[in-house]
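Paired with chain B in one complex and with chain C in the other, chain A is shared by the two complexes that follow.
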Partner chain A sequence: MTNRRDFLKLGAIAASAGLLGSRARADARLQSAGVHAGPLLHGGKDFSPITYEERKAVPSACYQCVTRCPMVGYVENGRLEKISPQMNSIRTEGTLCAKAQAGVNHVYDPDRILYPMRRVGKRGEGKWKRVRWDEALDEIAERLKKLRDAGTPEKFMFHYGRMKSSTSKMVKSVFLATYGTGTIGDHTSICEGSKWVAQELSWGGHYDNWDFDNTQFILNFGSNVFEAHTNHTPVAHRLARALVERNLRMITFDVRLSNTAAKSSEWIPVKPGTDIAVILAMCNVIVNEDLMPVEGREFLRFCRVTRDVGATTEEKIAALKAHLAEYTPEWAEGISGVPAEKIVAIARELASKHPAAIISYRGPITHAFGVEAERALQMLAAITGNIDNPGGRLKAVGPKWKYPKGPKDKPKSGVLEVTKGFEGQVAFPNHHVSNQIFDVIREGSFGRPEVYMWYKYQPVYSNGDCKANEEILKDESILPFTVAVTPFYDESAALADLILPEATYLERWDWEDMVSPNQVPEYYIRQPIVPPMGETRDFGDVVCDLAERMGMPLGFKTKEEFVRLSCEMTPEVKAAGGFEYMKTHGVYHNPQTKPVYYSYLREIPESDYKAEDVIYDVREQLYWNWKKSKARSREEALEKGYMHTKNAYKGYVGQRIGDKVYRGFVPDKVNKTGYMEIYSELMEEKGFKPMPSYYPIPEHQELGKDDLILTTFKVNVQSHSRTQNCKWLTEIYHANPAWINPETAAARGIANGDLIKVKSEKGEITTKARVTPAVVPGVVAISNHCGHWKYGRYASGSAAPEEFRLNEKDPDLDRIWWSDDRGAHPNWLIPNKPDPIGGEQRWNDTVVKVEKVAAA
Partner chain B sequence: MSGQASTDAGLIAARAEFYALMAAIFRRPLDAGQVEGLRNPQMLAALAAAGIDPGPDFASAPARDLREALAIDFTHIFHDPEGKIMPYEGLMLAGDDELHGKRSEEVERFLASVGYRVPPESGEMADHIAVELEFMADLARREAGAVAGHDHETAERARAIQRDFLEQHLGQWLDRLAGQVAARAQGPFYANLARALAEFVQSDREALAGTGGAR
Partner chain C sequence: MKDSNSKPDISRRAFLGGGAAVTGAGAAAALGGGVANSAVEGGAKKHYVMVIDARRCYGVQACTVACKAEYKVPLGENRSWVEEIEKGNYPNVTRSFLPRLCNHCDEPPCVPVCPTGATFKRDEDGIVVIDKDVCIGCKSCIQACPYDQRFLNEDTHTADKCDFCIHRVSQGLQPACVEACPSRARIFGDLNDPDSEVSRLIATNKVSVLRPGYGTEPNVYYIGADHTGENDHYAEFSYVDVKTNRRFAERR
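== the complex of A and B ==
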């Protein structure tokens, strides 16, 4: 054994050699235990079950999904112990889902990445070197400066999955704009891009809120709102309340008996991608049987139903009848499998109950021509008078934050046109075609980024055709330098050159701005409940740091500063008490604010529509400011006209209807009029029918006898790919067997629990069968939450080799009782193919074959 | 200060610096200055005398290459997303399955009971190996200062806290950590330093156990 004095000598020399690190600071802070006694409370506090001390409450906002519910984190001894509802939120009204409460698991996930990591070895080899932030950011800054100095800043591509509110403004509107790149990818087309395009073609700015608090009837096409929705808990609890307290009827059309369908008054099974037929037939019934309620007839005044915007109501009804004539209930039955008499009955019921909330989500949308399903729903809502009215389908209302805009002089951003699909592939790529980005980059004719950075995104896992995605991301000749910004080691980060560890949302700042279901805006913030672990950093802070290194300071240094300035700049928040108020209370709404309905009826004063630079388009009968468009002169604008002047919609002022000028349905992304456009000249110019129409899904027209259609779905305790490291959630849901109807299964000799292979043109997966009548025949339904091969032990189950196990007696390894069934990822099977109208990834169109795996 | 007290204080201070050196080595990959410091002839001789072999190329390899190789090995041992060793007392010992678990809280309570806390901005939890070693280093420095100043009460108190901490915490898991590091490391540096650390902590534990004083 070494002489102890030799060790001590080492220490003495080390001191003089300047080798020593930092020291723990002394801070006398002792705690004492007490016993709490007090009245029963309805939320808003939490106490340690051991010491009875009150835990520190920190109001913040969830981010397990895009709903971003206000919540409160409770801290004891510096540890986040619990996440509970925010009792003072008018959005959530004291509710919070399981995913939110399991957010605690993110912070203490032992597989988190806590330090920047640089690849050594080949991409995907799994060899890394921990580096300091300075080294990581210096490398990035150097590469970005080189591109900028060469006049090609657009070769820096930033691609985000989920990025909203203050982070979005800091990163996109300030940092990337100051740098000069417009090559920015998002993920909307793998989400619900075609739904938004349909709304932009019809009522303008996208997002529909559903007013369950005031409705009398709910008609649902393909939304699983009780399990997943972009405003999930705020609307779901209101729906539950409406159904229970007012005994409302809810009809759900779905391929599957989802939990939403199960809680509905009726589940109507429908074949995949055929909701459009049912919707058109319902419109046929309502119009041809003269069942339009008075609200619908009146609303037609604000609808464009013919090319001529000045048509009378009778002319519009005649046009509707003519267009819908072929879409009979009998025709729809042949397409959808829904009995004609059921279509008629529901149409009549809808027309007799006003107001009605007509809701939809990915079910009818994620198909070829999915735009048409949503346009048809808008038409159905319009003719029944359920647009932007109490109880109907509403234009969204959310808080409007003011924020620092960064340097006043920003360069004109360069753009690589890699985000909108191939030339001519998508008619209206308003929300990009992100599922095609890798293919477009590989093909190369629009150029390729030299630096590809992704943030809260999984290009490999979250798109279709995972195999191709992996190949492209591994290929340094296609993407020379890649950076992943993420808290966790996922399938995409594993292939990056550099990983920047972001702090989890429980450790970050933001101001938040999600839509309010009751049409009254609610301001709220996210703040660190516990400090960031390890060397993780808020990405907002990182871009400020990067900007300094590139000699382009943004005017603020941290996300906290950005949020603080925003609180002081936003009048309503400032009046309430600004940043300090928001830190203490977490949420704020103005109690004097009235809910917003009928926004289209607001009249535009003459001073606005007669202002300088505002011109009148005779054809469309609307007013617009030509200077906000791309027109070079007033003469050019008048000559080309509103519809054919690029970005004319940005100058829209108001729509003349009769002798008044109304705000109308303000256009966004495309030059539509201020009418609710059931008739779209823009669609017509692109070669599609101007009114919502049925287009058959090509692959489904000649299905072979062994062919099935693959559909994917979500569950309430997981969000896409990114919650599976939360052990509490994954204990509940960790396997995703394939749902198959008994008739379909019997034809293939498949029994419940059998191992099956599901094959498509892209590949195959092996999974278990769940034989159930809860899915229509001819379909195999697999949720998209399982099948990780990275993302930590809970998500993927890859245990460390025996000799590296942290603790042989670790009881949690024994507690992972689901290790033999972790499911399969359906995206391996699904090609990256967009809806030709709106660019939506066609998640639910894939044709597959299913066969039983023979016993060994 | 008496000659004996000076010698005792000197030895105790050397203990402190040994702990501090190990904390620096196991906290993060070594920077250029630290690598050069370890390669100075005095340090190399001290390492050799202590029976610690940093590797055959340690003294001669180009500085940049050596630093890179050590960083890769450090990352492989402690940060590789698949198979890393997590140098936290709770994860090593007590079956905690997540960061900042019960054992980590026990260490925090121990520190708090004697007036210490780990600042949140340090980015580490109380039961990380580097933090526990830094805690020992600081206590030993205080003991050394007290001995040099003839403050026997403070010296005894500092010694007692070190003894308790080694018994209840640090001394319980170093062998396991060293074994795992040695098995995982791809080069000799971290493997041998981990073994040396475990050996020293064991000897320190023994030294403090009976008499309440360091020798």
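== the complex of A and C ==
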């Protein structure tokens, strides 16, 4: 049927085809689009596909994940239309991922909330009234003042999920410190806390960079770097380049065929949590077959392998041999399912290829004793000489911003000890035990916060045991007053008493500091690409406002001012042109800076280690400044020694090795020596073996016939919990069927596409089966991201309350085609249990049963 | 979709490329051709092609979302997407990625069926475009495309598909998907220029196109792509799973 519009068009066509002697109605822009003569630019500009007009570029930074890539937002008629790569970034080299580009969806999410909301019904009932910011902040300020005046500021608990760089400094180091609460929770232990603890026990300050540009071989234990990683695109695109252009071999051990495993030369399936057995056996092969490359042998000089820090290299090798003797390839095969000859072959290959990047992530870590897998990996990298060398596993390098510290006189903060797990539960809660926070608060013996505020965090959805999380957050007798700071009405915000609507990351300020894959620091900023919508505010501005209301001005009034001051205070940035330069260019790196390798080899001048208050610890053979520790006197420091003085690591100066004093592997959070510690006296003191060792996962030792092990994982187009409102991402990935090996499925009569029930001690979920050989038998693998029950219509079908949301006309709302399957969230099944060493949530240890519900 | 080692004969292609517009679209051909002559800067015709190096692709879907963002493509439709092919028997399983977009064929089946001349192949650069102001949304071209690349855009009520980002390319920028690809798996350029990267890649690699037997003469070339289809499991593998990662689960 021809409608009026079509009829008009027919006229236009007749005209354009010359029948009426005119082509005026054809698309003039398309018809006259020329052919560009020169080479085509890869980026740096953007044009409207409708008008062909150039758009305004605003350099800024992504925040879809912690990688925080520099990027450029393009604006047309005041609207953010496109996010494109920042071509001048040395981290990304002009690349971005899918998530980054879908950031546009956050700004125009019809379910984002624009006004402060105060609960009027029962908690979680969904009844709200709109309040003015003044009212909301007065109420919070009044409650906080009351706590402070009563001498209990620690009863204000602040809990963040993602808070980095300038926001972290403003909120944590300035605002909360000036107020006086140290009851601050983070989320690291539901991320990769045990990986960091293992690094702190071995090479000091955490974070490992992988030098794919210069490596000759890649050995990967459970990192899905091609889909999800804390420095994803900056390292992933370099890895792709290395694999194709230099034809490198990469071997990946994983429970399932991740896209990373799929792009590797070999995928070697391994049973959950047993990577450590393979790693130890590889160490065994390398030392027993005397395959240690010369680089490894030389590096042993900087390793502590025995209790005696002064041991010779031969003594160290003997100690390694003795420790590793029991960890034979045959032993590892029995535990991991990886054939012994495979382990031997790969160990030999690793020893013969130098340099090699030995990498890891959550695969081996998110288990009981996950710390040991990462420590074992550090040992493997150390004995093959692949630590902090070009092409190896590197101490990461990021920019060092200077920033205003706020009022000089800050009170001594009070703390409710709710962030480190129960007494004796975790040996090294260096990065907290956030998975236990709700349980500890409920139990109550460390006190309970009277005001619980969370920021960019989803305690209900992101932790294990969602049911318990909901119960606790709903219970006013446990948490009497709660505040959510968020741009979105998610599962946790829905249970708050007060919601403060934050601006999205595309509407706010930050200076940024994520590490560089090429070992040269890059300074970059985030700036509003478009102004904050509705009444949403940058939380940095909000804490300044709150501080004023409590009579404790911070010395700056907005995040923009904080960022501007930081730009002027940071010498390299100031020299480049300061704030104005950063606003125009977005990124800056000093072209004179050379990549940083071998940082441990820097010699410490005598003037430093002979300085006032620096003392020598005879036993550890290191220099440290006792005044920076908690020691009350020089005598006390000398008597207790470095190891046993609280916070002694803060005064670490250098390690004496032979006749020189080296910077070494600088300790952080614990009093380790300046050696790379393969032998950890700290572990020994906590009752564990000092050398990286295998501890069986208790629940997996007595599996019943029907038992399976649940593994969770991440995919490339979603972050764990915060991107599902992005329609362009959720259109691609919205359902997460459970991966089951054909053999495992057949034993349960399950066929591809069948509806199945997965049950654990904590609950059950119903989902579909994806029967695939891309996962090891005995496992059920369910991705994160799906099964939201709030977070807007794109994520879950559940809208934010109408009078508070954006309510933009969005025809795509009527085109959601995945309503019949939004997947299931595995966290309902997983108990909140920490690794007893590092506190990491044991995401991948849960034992489940799977049964068929209905045929496909 | 079987693999074929199909290298273009550049001289023949240049000739056909020009001719397709003339023979393909009848009255409207004059429109395409006529405007084109005046639009070519310096008189040099281009033969735009895309080379997709599947060895580089790690399936991250940056191109898919870049394209969605560029055109605000309605949910349920795509101008570009990435498929996944998983196959083998445990533990010898592989997964590979196949980015898809309009092939900008030298013999585009969509062009002759268009009753209004809205769809035509540009003489000056070989891009197959749709003039939305001329399209009546009759869907003939959607039926005609053997690659499932065309759809009726619910917002514009016209046929829609990839146009190699003509608003960018004509103004000196790479297509949005090329800019977005973090591993540089998509390479776009001029096959008439023997020194271009696409010419070099095609000359020095085994390349393939989709559905080579259809006589469409595609201008999207693949290096190292796995063209296994869902039905190949009978012949070669006991397990093959093709995921289109879009609304239409079945691949065309």
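We adopt the following convention: the second predicted complex is superposed on the first by the 797 of 856 C-alpha atoms of A that agree within 3 Å, B and C clash if a C-alpha of one lies under 4 Å from a C-alpha of the other, contacts with A are read in each partner's own complex, and residues count from 1 in each chain.
The rule we apply is simple: a contact is a pair of C-beta atoms (placed from the backbone, for glycine too) under 8 Å apart; a residue touches a chain by one contact, two chains touch by 3 or more.
Predicted model, so just to flag it, every value in this text is computed and none were measured.
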Touched partner set for A:109, first chain B, second chain C, both or neither: first
Which superposed partner A:181 touches (first chain B, second chain C, both, neither): neither
Contacts of A:489 with chain B and chain C, given as first, second, both or neither: first
Touching partner for A:832 - first (chain B), second (chain C), both, neither: neither
First, second, both or neither for A:130, with chain B first and chain C second: first
Contacts on chain A seen with chain B and repeated with chain C across the two complexes: 2, 5-6, 9-10, 12-13, 17-19, 23, 25-27, 29-31, 727, 811-812
Residue numbers on chain A that touch chain C, as the complex places them: 2, 5-6, 9-10, 12-13, 16-19, 23, 25-27, 29-38, 40-43, 45-49, 52, 54, 81-85, 92, 95-102, 104, 226-227, 233, 236-237, 240-241, 243-244, 257, 259-260, 262-263, 267-269, 716-717, 727-729, 731-733, 741-743, 772-774, 776-777, 811-812, 815-817
For the chain A and chain B complex, residues of the former touching the latter: 1-15, 17-31, 77-79, 105, 107-115, 117, 120, 126-132, 489, 494, 530-535, 727, 790, 798, 800-801, 803-804, 806-807, 809-812
Chain B to chain A touching residues, read off their complex: 10-11, 13-21, 23-24, 27-29, 31, 33-34, 37-38, 40, 42-43, 46-47, 49-52, 68, 71-72, 74-76, 78-86, 91-95, 97-101, 105, 108-109, 111-113, 115-125, 130-131, 134-135, 137-138, 180, 183-184, 196, 199-200, 203-204, 207, 215
Touching residues (chain side chain C, partner chain A) in the complex: 27-28, 30-31, 35, 38-42, 44-46, 53, 55-56, 58-62, 64-66, 68-71, 74-76, 86, 88-91, 93-96, 116-118, 124-125, 129, 131-137, 154-155, 157, 165-174, 176, 178-185, 188-189, 239, 241, 245-247
